[in-house]
Structures are given as C-alpha cells and as structure tokens.
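I have a structure I would like to understand better, so I am pasting it below and will then ask my questions one at a time.
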C-alpha cells in the first residue's frame, strides 16, 4: 500500500520531472506518469507499433512523429488517410491555419476554407495536392504496374509516394528514408482515395487490400517483444492489436491516449483489459490508458521519452 | 420564438408519440424528436446512405438493420469489418452472449471467451467462421478470379459472401437479396482480413482498394437528393460524407448518433456544421446530431420511422 | 449464459414493449431495459429518493417530475437551486424559449436573453422572479422568523415558497401539496441565493445549513428499503447517497442517468460499484447506470413505469 | 491568419517552454498554451477566484493549491466539502492510498476501505476526522455561538476549523493564515455535514446559508478586474460566476479545466460563451476551456505560472 504523494511544482520544472513526481498521484496524472515509464521501457525492449488516428497532423503534431521516427522509437506506423493527406499538404509547401471553432461554416465555404475544429485548410492546398497526386499515380502506373507484380500493396503505394516527397520533414518521406513501414488500411477513406478514383476514370491504378497483412503480421510474429503506442482509436488501434489474434503472444506493452469511453461498446473506447480477453494483449502486459486530449499528452510523453533516452 | 412545452408521458405511450411530444423539449430529447422528422423526410425524399460503426451487431441491432433494408429505407450501406464478422457469426448459427462488463478478462481468456463490453463471444464462433471463410475465399478464387476481371472490389467480395449465406436474417444476405451495395473500406481491419491473410499463405485472393469509389460516388452523383444516416463515427462516417467532395452538391439530410465530442478535433466527433465548411453537407441541409448511446436512439428512431411509414 | 436477442421494432410499438424487448440487448439499451425493471421494483418496494441535477426543468422535464410526485413515485426530492428557479419562472407565467445553440452569446445579451444550451430565458422572467421572491422572503421573515424557532431549514424555506405558488403544475407547489420534502443543499448557488442576499441588505433572513440533515437521515433510517433515482450527478447524487454513511444499511436500489465518466475521479461520474466500497450502496443492491442524455432516458423510464403501474 | 507551427520537443524541455511552443498548435494543446497566458495575466491583473470541484485533493493536488495560495495567486477559494474533508484527513496525519480502480468494491468494504477511482481511504482516517470535528464543533458552540452574533457563516466555520489545524501544509490552515476566504456552499453535502448532524443530536451548531453571499459579492464588486480559475464544474463554478449577475461587470478572465460536455445542457459543461449571454463573463473577456483531465492540466498550468512569475 503506497500513499498518495502530493505533487509540488516549481518554476523551471522540466516535463520529465513533473512526470516523475506525478507517480505518487492518482487519476490522469498517475496514469500519464506510468505511461512515461511504459513508453521508455517499450522503446528499449520492444518493436513499437504506433497507431495515429484523429487529426493530429493538422493540430501540429507532425514534427513529433518525424522526430520519433528519427530517434528510432517507431518501428511500424499505422495511420489514417487524413493524417497522410495533411502531411502531404505541408510537404507541398502549404500550411494549416489556426482558426476559430465558432466561425460560421457556411461563410467559411464561401471563402474556400475547410475547417477541422480550430484549424483551417484553404482550397489551394487541396488543389496542389490533387495535381501532385495525379502525377504520382501516373508515374506509379508506368513504373511499377508495368513490372512483374502489377499490383501494389497500400504500404508500397505509400512508400512510393514517400520517395517522391522533397520535404525531408514529411512523415511519409521520413518513413521512406528510414524504411519504416507505413500502413493505412482505409486509405480510400481520404483524399488519397478520391484522387485515385479520379485517376482511375482514365487509367488503372490497382492496389490490393490484403497484401499488407503479411508484412505487419510477420513483424509482430518475429519480434520477441511487441509494444503498441496508440493515439486515438479507430482503424489504427484495431489493425495493430488484431495482429496478435494470429500470432502466439499478445502485446507486451500498450499505451492508449484517448477521449473515447468504454460504455458504448465501440472498439475505439474499449479498455486494454478487454483486449486481454481476446488475447491481443498479454496477461502480464504493462498497459495504461490516459483519458485526455492527445495533443497535450503526446508531446508530454515524447518530451519525457527523449529526456530519458538522452541519459 | 417558440416556447418549451413540458413533456408528459402516459401509460401505454407509443414511441412515435413520445417523439412528437418531445419536439417542444430541448437538449437530447429535442434533437431526437427532430431526428425522427429528418429521418422520415430523408427516407421519402432522398437516397439513404447508412453508416454503421461501433459494435452494433454484437449489441443486438442486427434485425433493425435488416428490417430497414427490407422496408427499403437504406440504399447504400457502409460499415466496419467487425459488424460484418458478427453478422456472419450469427448467420452460422452461433450466438453472442450477454456478459458482465466487470468480469476478469484474463479469466475470460482461459475460458475461450472474448469480450465486447458486456457481450461475450466464444472461440467456437470464430472457429466456425474461419472454416466458412476459407471455403468461400477458395470458391471465389476459383469462380471469380479466373474470370475476365480477376480483381474484385471489396463490395463485390461482400456481395459474393452474402450470396452464400443461408440465413435470410443476415445483414449481408439481405443486402445481397435486395441489391443494396455494402461498402467496408477497412475490411482488412477485421477477422475477414485476418482470414484473407491466412488464405493467401497458399492462394491468391486479390481485392482492389479503390474500385468501390466509382460505385458510391456514382450513386451520390446521380441522386437528386442524398441523405446520410450515420451511427457512430469512424470510417463509415467519412467515407459517406467525402463522396460530396467530388460531386457538385452536399448531403441534403444528415443524422448522426454518437457519443464522440468535437473538441479533440477527430472526424468522428466533428459537428455537421463543420462538414458544411468542406461542402460535404449542403448549406441548407437538415442536419442533427444526437449525443446518446446509439443502441438506445437507433431503435427509437426506427420505431418512429416505421410508424410514420405505415400511415 | 443468456444469448443476445436481436431487437426488432414494429410500427406503433409502445415504449414499455421496446424496453421489454431490449432486455436481450447489450450496451445502453440493455442497461436502460434493466433500469426499467429496477425502477418499477424500487417504486413498489422502497422509499424513493430522487436526485435531479442538470437543467432538466428548462429542457422540458417539469411535468414528468410533477406526475411522478402525483403518482407517489417520489418520496424525497433533492435538487439544485437552478431547477427550482426555473420551476418558479414557469409558475409565474413565464416561459422558456426553444433557442439555437450556435447563436452569438454577446448578441443574446444585448437582447436580454440568457442561454442554457438551446434554451433561452428572457430578462423579464428573472425580473418577475425577483419581485416575487422579495415579497415571499419578507413574508417569511414576518410570519416565521418572529416565531419561537427563528431559524428555518432550507427545506422549510422551500416548503413555504411552495405553499405560496398558485400554479398547481409547479414542482415546488406539488411537493408542498403532497408533503414531499424538497432538499436543495446548495440553494445559495442560484438566483434564490442572490435574491436572499439582496433581501438581506436591509432585512434578516436566516436559514440554517445543517437542519435538514436530520430529516433526510431519519427517512433513510426508518425505511425498510431505500432506493435512489439519480438524474445527473452533482450535489443531489452525493447528498442522497451519503445518508447511508450514518445509517446501518446501504441503498437497495440505485438508478443513475448520466453522461459523466468515472476516469477523472469526480463523484458525479463515480460508478455505483465504487459507492459500495463506501457502504452507500448495499452489497446485494440492484443498481444500473445508463450513460445517455437524461432528457431522453428519463421520459422513457417514466413511460415504462407508468405503464407497468397501471396493470 | 496565422499558420499552425508544428511543435518539436527536445530532451530536458521545461513545461513553460512546451506551452510557449504549443501556441502554434491547435485543439487541446493550443487551448492549454493560451490558458497559460490567460492565467499569468489574470494573476497579475485581477482578483482571482479559484473554484475547485472533483476529488482533486485525494488525487494529490493539495500542495499545488497551498503553493498557489502562498504565492498569492488565489484571492478567493470556492470548493466542495469533499476536498476539505480530504485536506483534513491529511492534516490529521492520515494518508490517501494509491489503489486499483478494478478492485472488487464489495471486498474493499470488508477491509474497511472506501474507493475514489484509484485512491483508497481507510476507515481509520474517517474515525480520526470524526473525533476531531466533534471537538471543534463543541469548541465553536462554546466560543463563538455564545457571542453577540450567535450564527456563523459557512466561511466563518471553515476559517475557525482552519485556525485549529496544526498542519501548515493544509489548504484550510493556509487559507486561514493568509486570510484567503474559503467558500463551500454545499458544505452539508460531505462528511463535514454528517458530523454536524451527529453533533446536533445533542448540541446546537447553527450555520447560516446566505451570510457568505455578502462577502463574495463584495469582493467581486470592489475589484477592478476579476478572474475565475475553475477546476471542474459543479457548485464552485456557478457560485463564482453567478456573483456577476448582481455586479455591474462580468469576469474579465476565465479558465475552465473540465471533461464535461455542453450538449446535455448542465451548467458544469456549459461553455464560457454561454456565460456571456448571462452577463457572467464580459463581452471582451479572455476565456478558455481546456477539455482534459485536470490532474494533468492543473500542474502544467501552475508550473508555467510559477516560471513566468519568477522572471
């Protein structure tokens, strides 16, 4: 029985110090402190599968992901089409704009602005992306499809796109440079998919749904220890966790940053205990869910991780 | 300026009466009452795209979806792999079990039980499904892939599976019988995907990621009016709404039943106003979000719809 | 092990039928169905303490509370100052207005309108209430305070106010007529408190904080069985449950309708299991929490209760 | 139009640096960064009313509150009975225990443990508190009630209790030492109230409900600028904000740390925009709500504040 240690904070306190002091606290801070421990151990001991859902790139989290890749803290990256679209928008020299969440959306449309809570994206950004993607898709059909294996997997398509990005601060480019596989199961559920449709009005870009299963399952299978660092729920969360349904073990470490709740039964809000009943998470795994806005908790955990790695 | 009319409820009150009385109320009940109006008008006036995320089939919502299809209230059905997996489990004669949400998950695993909040699924159910799917995948490769067009779309795969189901109360079979297209963009993020992987260890089932874009966009394009009835967020929500990014109009009717919140910026919790800034939803659309557990609000809305349709 | 029974809904279905069918379902609907059973048994077997937090009166729930009182389904009523203030506003002939939740609040102020999500209240309503309250407080000081016991309890003050209300559809008047005690521990946290302050600039209205403890604890102590029907969290929830910290037993029945969540540790979102560790709820109590908007779930439960009581 | 600046975090980064960098981000981090600016300005420019709801003391936030008081960052403190009870428990030498949120509550009861999410409190702590409080209440009746003004206000009662606490790290003692008024409108909704009831079985401790209104309103009235720093919702939030309904201005600064949501209409989750329609918050006030667990966001904001104050 360990007592609650009341936290005190001082001027100039570092993030990692706060998390160390927070270990004696309860509720969210206690969980976040424990998550920092689990993350550090996960990065040192296990193959790390990162799942990134939610509009984390528009919110300003792009550099953090890239830096995690550069420091070799991510081995497998699973995300949504939207995060890749917004990474590409920045890679093409466009920006996201800090907007106002109470603005009239009908007026924003007349100004050619699309809103993501308090982030704006201008139509020009999407127009540049369209041009770029149509060129890339054409190149792919020419270069790749004409080859011996005429069907790509989604991760191969993304790797190809990554190779053509000039911006070295891009997530997709960094993943390509560092040979980190990028999975995006619902890629068609994004502007990447809409432009593939447009392209396919006249051409024929074929990408196979199931080919990636082999790669991700093999990585999980071959690793001695596996860890999942899951930001938000959605497809990335389950796509990572389900690999363990066909491998002998479960994840050894899982961190989940979410605002979703378990009581309505959806997988996004499901507890990590529930995942143990499926065998997705090991009986003796170190797991923790932090129920807070991930744009706050992700940078904090990463700051702590980088501090501990430096030592 | 319309005043709040305090609701009174009497013994034997019908659901549709409650919703009519609820129109004078505020907060959730006011929204739910308005949703009943929008749903009735949507079904009468528009092509209805239903999005179904969350574990709605395990929770007991299977017949409601089937009945909506039979009454021709759904024209396009977009869902998650999980809902289809659990539809198939029931179609194969297995059942979901009403469980206890506080049970030890480590113990459940030793008993061969997987938990979805307060629903249990036994390993036998998944084993039957595995056998059935591997046989179907083999048939498909033989019958379909050997044909002129050797690559299937996801909806073609699902249609094929639907055609082989004996249980006429199955969602997938009913959709097949009534020629309602079923889209499942992240199909590989489910047991359907895991078994495709298993199958592909020795065989070659190719399913194209982008082929379905054409079908869903064409339906939206050709309809005079379009409506979206979105249960939960996730991929189904965006996959439906994004069709309007490449068609001239936006959705004319949208109902969203969710517990997700807008403030963290994810698409699942995004308001329908925000969707107007993207042009996904028309400026003058009738839209409403009901923030409550969808296992409660969906049956209520459907009961009201069926009552109004009967008149 | 009981299997999930998929619900089907038909035209003209009654609410109580839906709840009966919903017993075979999971998540929110399964909980709501069970709550209907618990409520019916609670009303038949136990002394019922109702807790009402949240802006339920502005939302249109006033008649439901009154009807529950008239049908003798509430024995003790614990609420917030706000719900009483809005009951009085209606009792004085004013109305709540159905408004728009996205309206500019700065503009609303210039129009003399105060907003409660999608409900408006006009300044005139508060002005009438001020006049009425100042007269009542003056009468009380004259009639009551000059008596042998010059200090009132909060429930005595509320009972006095109830006796002076002409509107027989008022919650406070109905409680007075039917001798149902009304507790409002944080009465000063409302316009009732602000006008008491105004009044006390020149007069002297003294109301004792602790006097009501005796009454509510005595009721709980003397009842063979006790039930709590808690709408929202806040002070009413704890004020009801804490009575069991000084009586030998815990509550035998508890229903909680809320959107609050347990993970942040506040009492409003605390589970009813947690309340068992305190002894507030009996080990073998029948308890259920429904996580949905209470403006939806309260009318449904009450409709079911009235249907079952009629039989 | 300002662009989103992607945050990068480095080893050894200080909290205040993170918040400065976070200003270019959106969603929760953007809000938290802005909150740090508002807090610093509020502390420098305004009379600060702090509202503390939720089980923040059991969670380990006690020293932070005390330090804010010592650094003169809180001028008025409004809280719940529970937070004061748990402050007293620590002041009497007892501790809160870091527990497990999935433990069986029925078993915990048999061990004499009460649970607050993942915090345990042992029965001994409450027994010590009972003894201490009964002695204090007796002294008060003797010393104070026998005086010219025989009725106390709640804040006078709390100030008296504070004066008798030996532990200089107690919130209540620190507030007493520094003459910071402590308001607790629903004091009877806590163990402080239960023991007052016990005491009043034989004695007569009278505490007036409305007396404190004068003090808190006067402070708001006399200050040139007012700020509210609101942790959680509940009674403290409204009790602070409502003071502006009877003073000419509204709050000039408001920070709200909460997980509650606006859509269900309760005051706890109400937006600060809504408070402008009531005149509780000025038209041109600087306001921000951070939707995250307050045990995380409070220490972060305070660390930033102390860093900026030191400069």
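Read from first to last, the chains carry the letters A, B, C and D; within each, the first residue is number 1.
Definition applied: a contact is a pair of C-beta atoms (placed from the backbone, for glycine too) under 8 Å apart; a residue touches a chain by one contact, two chains touch by 3 or more.
Only a predicted model underlies this, so the values are computations on that prediction, with no experimental measurement involved.
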{"item": "Chain at maximum distance from chain D, centres defined as averaged CA atoms", "value": "B"}
{"item": "A-C or C-D, whichever has more C-beta pairs in contact", "value": "C-D"}
{"item": "Distance between chain centroids, defined by C-alpha means - chain A, chain D (Å)", "value": "36"}
{"item": "For chain A paired with chain C, centre-to-centre distance based on mean C-alpha positions, whole Å", "value": "44"}
{"item": "Centroid spacing, where centroids are CA-atom means, of chain C and chain D in whole angstrom", "value": "25"}
{"item": "Shared-contact residues (touching 2 or more other chains) in chain A", "value": "26-28, 55, 58-59, 102, 116-119, 259, 261, 263-265, 273, 291, 293-295"}
{"item": "Interfacial residue positions of chain D with respect to chain B in the complex", "value": "26-28, 102, 261, 263-265, 291"}
{"item": "Contact set on chain D toward chain A in their complex", "value": "1-16, 18, 22, 24-30, 32, 55, 58-64, 67, 90, 95-98, 102, 116-120, 259, 273, 290-297, 299-300, 302-303, 306-307, 309-310"}
{"item": "Residue ranges of chain C touching chain D (in the complex, touch as defined)", "value": "53-55, 58-59, 82, 101, 105-106, 108-109, 113-119, 151, 154, 185-191, 193-194, 196-198, 200, 205-210, 212-214, 217, 232, 234-235, 238-239, 242, 245-246, 259-268, 270, 273-279, 283, 293-295"}
